[in-house]
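Every chain is named by a letter (A, B and C) in the order it is written, and numbering of its residues begins at 1.
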């Protein structure tokens, strides 16, 4: 597009706009863009964390990473965790949203209670769940034994596959409220006329769900799934605090691996390489999400 | 009628099941230590006690951590919301080259994993001599809080009719005058909502605190409380549950009085995109 | 003296040309409507005048001053928005007084001016309310009050009546006319409603596709539309436009279309043989007597007249008759077209009018036209 002579006023406005965005740009450059580039740069070094001294190794870190079992194992765990917890979040979230959309007693109180886990600190959530999971005095084992589901107390976090399942369940508990609120908001915008029309056409409750509700929810679900997939994939706190990656490394996801390399194994360069590769994997999701948001914005 | 009651009971059973861990946290925090190990466990405490809360405040560093968290989260929120408010105004209502790219960048950073940034940030802050300070955490928290706040506020800003600003301009206001007189009052609910989200996000942050701060002077609640768990010889669950409850106090306040702002923030940011 | 001038103004949004080659002189004290279908560039034109959009090229003047670089607040204009744009967090009084405050009018003076305006618009009892507590009509008055309070040089009104119901709209139309007469200020009024434009304006600027089609007093726009677009756009029921061809020579033109052949009188020097169209207003059509057979298709009884659609072959024409005539659809009737009344246009959707111009009339703004509101339905 050809540049055109702008009016003074227009130029004045553009300058003002730039001045207002300048703090954002400065902060972004300092704490996001610069570190991001540094991360890539660091991944080409072998750095000993306590002294922060290192030497150039080129792509050696990446070569080692791709041939080592750790990376592939962490990626596998990461995918199982993401898909597992995301699926549960979506199913539980949509279900609970449909329930809360009905006119139940004390609806707003119910909604607050459901929402709370999402906002509570991961540290709190983990402490509470660790107490619930406690093998000797935990209420969970007690309830399960009373109900006759198990004969002996279960070790929820110290054994496989229990540990991974527990992590996935706690993740679902903590994050499904996000889905509830998002779906609930969308449900409230579906016009009643659609349901009335479906009823006149003879659709029962199940048919109404599949023919009216679900198609209306499709768009918001796509967005939720992409967003939650990105957030679940990069989850660190919850898994780190619950199991620390253990037993051994059976719940170790990529973010945990980055942390371990950098601060337990003191391999800062290697850790950066892991972080960069992890970001590249996430980039696929991120680009999908950004593109979708843009097209929605444009419409 | 019966179906309605049955449905309500079913719904509430589910809601209570979801809320049970939080209920259990409260109950445990007011049980005396010996009652914790009773078999079968008591659902409601036989003896109520606040000794754990008193112990928490008197004998541990809890108050210190709490205070750190307050300063940290408040500072982060104030800085981030101030920058994001004018930034969002610029992104939504001004025309200049590169504006679209910038908006795209904001969204991108909003999704960026902290783990990628933490290593270089750690190096940077160590070199600046800021490690083990609250300042270092404020700087680090900006990396996730600013994109988040910008994204939310951008969406709120876009919801304010452009005609209002136009009217103020015609009525004799400058751009900044219109911003102050007309846009800011309209944006206020959005700003409150964004501030709450930013505050909660900072309050709950763990990873940066774990990596960047290694002294009790600057430690916030998240790492502080986890430290109490790790360092004690035998785990005092009642004490930890009391700490968890105390740690959730700001949240409970928000939930009790300002919940509509949280729901609004959801609509504007996370989901609508 | 011209009060508002657009000289060769262009406005492009990327590849879209919103306004092209606009030249417009609005006289001091004149009520001018910018009329056209949506997307014709009328609102963009108004917003450029307000300083809310920036012309890609060209010059805009208010009085003697070029205002391209002048901020909206310093142009000495006031504007009423289609959405009213009342500040939701301010009371009615604060809304109306806001422009005064921004101009540094001192407090006592501000209160006095606010009182005058509120009295004039009967808003005094509402001054302490918030805009959302008001009805649509009341909000409209507040928006008007905010514009009136500081007596600007030019008033800009962007479809201010479009959010009101039909009855209130008629009432506000009369009030605006009265207001214009009382204040004698220049008003630029954007609308897509030709009734508003016809009844209120001294002159109408008809726009389409970003271009000015005609700028003339309402009667002239109606009687001598400059081209086929204007002819079709103005008038209810609309003009029947029949595609056909002109043949003959100056002084002896004929217009032919399938089923119709008429003498084309009063053609000007631009007339030429070939494709052309003929426009017939309902009042040019006589139904019941004449020499051309037609079939009656539709009768709409409005009470004071009947609107009748007849067809000749594929051509459908609209006419009016007195309400006492009783017709039934499908009936064969004889019709005639008053040979002195049709308009002829060159080929194409914006084909120029080919009729000879009558002797030029006075160009003074004629306030008497405002009285049309009492006559119109």
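Note that in this section contacts are C-beta pairs under 8 Å (C-beta built on N, C-alpha and C of every residue); 3 or more make two chains touch, one makes a residue touch a chain.
Treat the numbers as computed from the prediction; the structure is a model and nothing was measured.
Traced through touching neighbours, the fewest hops from subunit A to subunit B number 1.
Farthest from subunit A, judged by the mean position of CA atoms in each chain, is C. Here the spacing of subunit A and subunit B, counted between their Cα centres, is 16 Å.
Note on chain placement: the centre of subunit A and the centre of subunit C lie 57 Å apart, centres being C-alpha means. Those residues of subunit C in touch with two or more other chains are numbered 51, 71. If you check the complex, the residues on subunit C that touch subunit B are 47, 50-52, 71-74, 77-79, 81-83, 85-89, 98-99, 102-103, 146, 156. Put simply, subunit B touches subunit A in their complex at residues 7-8, 11-12, 14-16, 18-19, 21-22, 24-25, 28, 36-37, 39-41, 83-84, 86-87, 89-91, 93-96, 99, 102, 104-109, 111-124, 126, 139-140, 142-143, 146-147, 150, 175-176, 200, 203-204, 206-207, 211, 221-222, 225-226, 229, 237, 240-241, 243-244, 247-248, 251, 254-255, 259, 262-263, 266-267, 270-273. Interface residues of subunit C facing subunit A in the complex, by the touch rule stated above, are 14, 51, 54-57, 68-71. Within the complex formed with subunit C, the residues of subunit B that make contact are 161, 163-164, 166-174, 177, 181-182, 185-186. Of all residues in subunit A, only 13-14, 16-18, 20-21, 23-25, 27-28, 31-32, 34-36, 38-39, 42, 52, 96, 99-100, 102, 104-105, 110, 112-117, 119-125, 127-129, 131-132, 134, 136-137, 139, 142, 146, 173, 178, 181-182, 185, 220, 223-224, 227, 230, 233-234, 236-237, 240-241, 254-255, 258-259, 262-263, 268, 271-272, 275-276, 278-279, 282, 285-286, 289-290, 292-294, 296-297 touch subunit B in the complex they form.
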